[in-house]
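What follows is a short report on a single structure.
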Amino acid sequence: MALFDPKGARAETRQVAGKSVAVLLAPRLVRRGFLHDVFYGLKSLLTGMRVTLPYGLTTSRIVTRQYPENRGTLKMYERYRARLTFIRDGQGRHTCTGCRNCEKACPNGSIIIETAKGAVTGKNEVQRFIWRFDACTFCNLCVYTCPFDALEMKGDFEHAVFDRRLLVYNLNSYAGPHASLWDKVEDEEQRKTLATKISPYDGKVPLAGTSMAGCPARAHGEGGAS
Amino acid sequence: MGLKIIDDFPGVAMKVPGGSVMLGVMDAVINWARANSLWPLSFGTSCCAIEMLMATGAPHQDMARFGAEVARPSPRQADLLVVAGTIVKRMAPTLRTLYEQMAEPRYVMATGACAISGGPFIYNNYSVVRGADEIIPVDVYVPGCPPRPEAFFYALLTLQRMIRSGDSLKSRHVHKRPVMSALPAGITVADIQEELRDLLERDSAVDVEKEAAAGPWAGKGYC
Amino acid sequence: MEANELQEVVLAFASGAKVREKTDRPSLTVPAASLPDLLAKLKADERLSFDMLLDHTAVDWLERGVLELFYQLFSTRHGHTLTVSAEVPREEPVAPSVSGVHLIAEWQEREVYDMFGVLYEGHPDLRRLLLDDSWVGHPLRKDYRDDHMIERPK
Amino acid sequence: MSVFSPAAVIAAPQVFEVKTLASRAATALPGSLLESALYVLLAVVWIVALLALTGLALIYLERKIAGHFQCRLGPMRVGPHGIFQTVADTIKLLVKEDFVPDGADKVLHVVAPFLALTATILLLVILPLSPILQAADMNIGVVYVTAISGFGVMGILLGGWSSNNKWSMIGAMRAGAQIISYEISATLALLVVVLFAGTLRLSGIVQSQADGWWIWRAHGVGVVAFVIYVIASTAEINRTPFDIPEGESELAAGFHTEYSGIRFAFFFLAEFINMFLVAGFAATFFWGGWMPFHVGGLDGFNSVMDLVPAGAWFAAKTSALVFLVMWFRWTFPRLRVDQMMRLEWKILLPVGFVNLFAAALVVLYGLYFFPGT
Amino acid sequence: MFDYFLILVFTGVAAAMVGVVLLIARVIAPRGWSRSKGRPYECGVGTIGPTWIRFNVGYYLFALLFLVFDVEAAFLYPWALVFREVGLTGLIEVGIFVLVLIVGLAYAWRKGALEWV
Amino acid sequence: MTVQAYTLDDLVKRLDPQATEGASQQYFLNLGPQHPAAHGVLRVMLFLDGETVVRAIPVLGYIHRGIEKMGESLSTRQFIHLTDRLDYLSALMNNWAVARTVEKAAGIEVSPRAEWIRTIMAELQRLQSHLLWLGVLGMDLGAFTPFLWGFRDREELTYIFEETIGARLTMNYVLPGGVMSDIHPEFAARVKKYVAYIRPKIAEYEALLSGNVILEERLRNIGRLSAEDAVSIGATGPVLRASGVALDLRKASPYGAYDKLEFQVPVGTVGDSWDRYWVRFEEMRQSIAMIEQLLGGIPEGPHMSVKPAVKVKLPEGVHYGQLETARGILGVFIAAAGGSDVPYRIHLRSPTFNNLWSVTRLAPGWRIADLVAILTTLDLVIPDIER
């Protein structure tokens, strides 16, 4: 018998914490004399070598997924959370009303929302939906609590940057109302003024809690006026 | 620091006919070698270490493909310091020491929210340092919590691009960064911050948009 | 043993003990000075055999000006649990160490000292556990503030 | 029982004429100094090329084979299938900061990797790759191999000691104890071969195996000696499962913790070339070196075997042994330092002695398979 | 004799190789210095006490044992070389010699000298 | 005041004033915070004689993140995402522990389907955690191949998590009232496939590691923790069970769907490293068996009983909940002032905190290599210890 006996575990019942529990007792490794041990020791080593040999000689067991070569075929699972985005309809309109539920739900203050009364709609409109990619933990609570299905998590992951400040930006591409309000505005002229286009790095990003408080949002140069 | 001739070396070589070509080739070769042989320091503090140093080396991802599987336990032999995980105040001097003990040239990658900004531990927290760049200069930031292994590879490619575009012979410290003075005993994180703020300003000279647009992995703009 | 029954048995043991209200398991409040003695008795008693100190922590009741120490006891033999609590004043928090009864109390008490500043009498090696030796203050106290901490903007 | 006759054993179907570079240079000497110098230069170029190419190839192979053992690919992106990976690594290490810690013994710290590499080069010089691809061939070859491979420990010992680092220090201490211990077993195993071959000259040992390799010609004695030699030499070159002087998970990087850049590369290179040397010497001593697979008496079969050039035989045998050593590494856990000592002093050493006596009896009574035609 | 000359040559070659490579590294490789950099690496924290101390004697015991056995192995080489000439007599003589050593090994074993520290 | 607090320097001086001057044969050595065997940033200050450990002093705090302080300003639902980052290898079970305590305190009913999902996810994660441990054990003992094999098999599990939960490591999946999302339609089929895949792999590990004479030599009789000591230090999980105390909350006070499952509790005999190794190894098999049983019957029903908009308010008082994670009992202590979903004080009793303490008792007398074996069989996750 070898030193380690895979079937050497003993089953029994024990009284623990006021309950009887079915336990499995670990097999003990016993020494049985010099020659026996040397022989079975050698045998165990050869067993290990037999296990690894097929791996060393064949290529069929290789499981590597070659990123970036496989980039064309690489699909993330649809639920995979790696980046927060707005859900947009075909015309690029979002459904965020600026209700701040996500801001409140966020455990670490990664979401900062600036809102204003819309001139046309008179409703609360999101001006800037600032997301701190550098601090987000992708806990999904913002998406989970959003009552308007305005947010989703996307699975793209290629976001490495040279400057940390590039990781704080606006999610909304326009400052303006919720998608359904667009259709209610009939006047063409009013529709044009309904929304103002903003770029991801427009405006000062309030990086509260970092050593770079109030630094410009742009990578180089001045921060845009908000 | 160093012999006179060594500091003047590129200039001396320039006088040789065709010297600049030779230098250019040498530069390219050295940068190629450095970019393709990034040995990471086996350093990780928390969750990100599992993804960034272990899962990336694991069969499904295999960072050996990039020649980066030679994780060195000693900072002397490592090229890449992957700050994987939260850095707390008590760890800060250690991180600084490790960085300083690495042999030149050395590169730093901050992976995950904690290493970039303190992540979930920014507010109401007495212990977590808000970003590794308060302690050491960081070359590449990889957002995620933790980022997935492929994100690490993307960051590695980004770093490789940075190294390739460097001028390794003329600026012997990659990035033109001064070697920062040692961390004397009793210094606080606040003391380092001052120094680092300057460094970060200089860092922003890297043209990120150009970098992002140049490569085959471009076109991944936000929103 | 049922929760009520358990409480009865334990109450007989401890002098000056009261049942602590608003808890979800059998709980007692005892004078801090009697802690080591009580825990030793609870451990030795056959019916109770509280041999495992599962957890020890403190709560800083700022308004009442006390630190309440909690000891979560567990019996690996009977499977029942007991919470023992004791109060020490915030200003001069001194409690006897139970590290002689349960080995792990050595570290748990160091952690509580570190976080709340409770000094344990008779502790073999009372050092800070998680923070640097040069740290000023005890962060889990409700009135703890330092320059590093920032409030989340509302 | 016929008394053993060396002449009979060495008589083989095809006589391989050994012409080392040193002997060519020596023959040319009285007449043409230039020719002699040319041969010396050739030897230098040959050995340096061998060192560099084997080093690069072996490190690449190791990383690839490790990859395959671990279900992954290994280097892929530098050149096709990553074949230039080690080139990139070498250049990088060459232009990486070469660093001596403040508190270190500066001279020894610089000299140590040099010692390690010198020992390796000096061993390469006498490795018989084929009848003509051998730089030198001394009449005390076996003793030389033993002596120089023991010399390699000096580099590790000094490197670890001079670093002024406790991890290095422990690594050096372990290395010293380990390598000198296993030296004895390796020597005992080699003595068996010397007994069989009746010569210390490496080319002589290879030629003595013209009727068959010592590993199978001597009723198991050769096998035991071979196993002892492989284990002991694996330990001598600090390969897993005997990599305790640099055991990463225990001693950080062990004796080379404080080494960076090119001097670290020297240790690295020396380690890999040593692996090649161990495989090469094991092949030479036990598997007939460059000698084709011969069976005493079967001349027809032997001459077919001779069609494959001698160098190819050596390459094949050495590769197989290198793979074996790598296979060990990617299969076994590391031994603990005391267990390793126990293995040496309580198992290998007694077995080695017994085996030596058995070998003496085999030789005394000529109990070989195919004792010569 | 030429073989030995070649060894000498290669000692020189090794030295030259190392020298050249070190020079290249010195010329091209970047260098930096800071206070922490020169300190010994001990997992990122300061070391306590000096490194060069009186080390546990266990390590040196094996060096002594090695000396005994390796010198003996050196004696065995000539015997192995001329074994066919000295034959059985030689075997017995060497047997006695080795036996003394084996007795020594057994003694060391019993005494626990082979137990690591 | 009579009570005196010390510092680390005091301790060093008290231990051996001569060692700091090199006048002694004994010396100090820091294993960690950056060391391959430190499993992160554990620092064990070793007082050595040659290679033999005279005293091991764990120095903590290199990843102390002040989570408990943060918990005083976060609602429990928000706090749960921080528990992912404690013992990140059993993130889901940490979520569950807090969620369960809150549910118990606030009196929330959880649907059988949610409980079922939690249980199977917990078992998958226990398997994942143990696979990683097995790999790391291999690496710590110098065998690199098992390390990567462990990660290979773990990665397949990670894909299952990615598909259903959307995260690989820090999941934030279990919330008070249920789980964040229902299982993916492919889930059951995938798990079934995985179970078929992992069985032969486990046999391979057994041949490669369990039977290996070197591994056996490295583990047998090293670092014996007696049952009495184990209980006294409050060790739980596989560490306690290896010492012979079959305490497993899944049996002792079943939660989730565990009362419907049949499984055995692997128990050691003497509490050495080998027993700890074997217990965890066997637990993987038991987990697989449990997963198979769970696949049999998926109850129908909602996966969440609390609406996202609802604040889960905690009633005033002290609440304590506990749960068996991959490393032992995780206790959640919540003191609530009442009327709010933010606890007044939240404290987590992490299993590895207690388990680590045993190092001070186990290490002396053994060598550095054995210390590594002891540390790795204790299966430490340092952020869990320091919170």
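By letter and in written order, the chains are A, B, C, D, E and F; residue numbering begins at 1 in each of them.
Methods note: a contact is a pair of C-beta atoms (placed from the backbone, for glycine too) under 8 Å apart; a residue touches a chain by one contact, two chains touch by 3 or more.
What you see is a predicted model, and the numbers here were worked out from it, not measured in a lab.
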Set of chains whose contacts include both chain E and chain D: B, F
Starting at chain C, fewest touch steps before arriving at chain E: 2
If a chain touches chain C and chain D alike, it appears here: A, B, F
Maximum inter-chain contact count - chain pair: D-E
Distance between the centres, which are taken as Cα means, of chain F and chain D, whole angstrom: 46
Chain A and chain E, separation of their C-alpha mean positions in angstrom: 54
Between chain F and chain A, distance of the C-alpha-averaged centres to the nearest whole Å: 23
Touching two or more other chains - residue numbers and ranges from chain B: 30, 58-62, 65, 73-76, 90, 94, 98, 104-105, 120-127, 145, 148
Contacts with 2+ other chains: residues of chain A: 16-19, 45, 48, 51-52, 55, 62-64, 66, 80, 107, 109, 137-138, 209
Where chain F touches two or more other chains at once, by residue number: 27, 29, 33-36, 51, 61, 64, 66, 69, 72-73, 81-82, 84, 145, 148-149, 152, 170, 208-209, 212, 214, 245, 247, 252-253, 367
Listing of all chain pairs that touch each other, if any do: A-B, A-C, A-D, A-F, B-C, B-D, B-E, B-F, C-F, D-E, D-F, E-F
Complex contacts: residues of chain C adjacent to chain B: 131-132, 139, 144, 146-152
Complex contacts: residues of chain A adjacent to chain B: 62-68, 71, 74, 80, 82, 85-86, 107-109, 132-138, 156-167, 169-171, 173, 200, 209-212, 219-220
In the complex with chain D, residue positions of chain A that touch it: 38, 45, 48-49, 51-53, 55-59, 61-64, 66
In the complex with chain D, residue positions of chain B that touch it: 29-30, 32-34, 36-37, 58-60, 62, 64-67, 69-70, 72-74, 76-77, 79, 103-105, 168
Partner chain B, residues of chain F touching it in the complex: 33-36, 40-41, 61-67, 69-70, 72-73, 81-82, 84-85, 88-89, 132, 148-149, 151-152, 154-155, 158, 168-170, 382-383
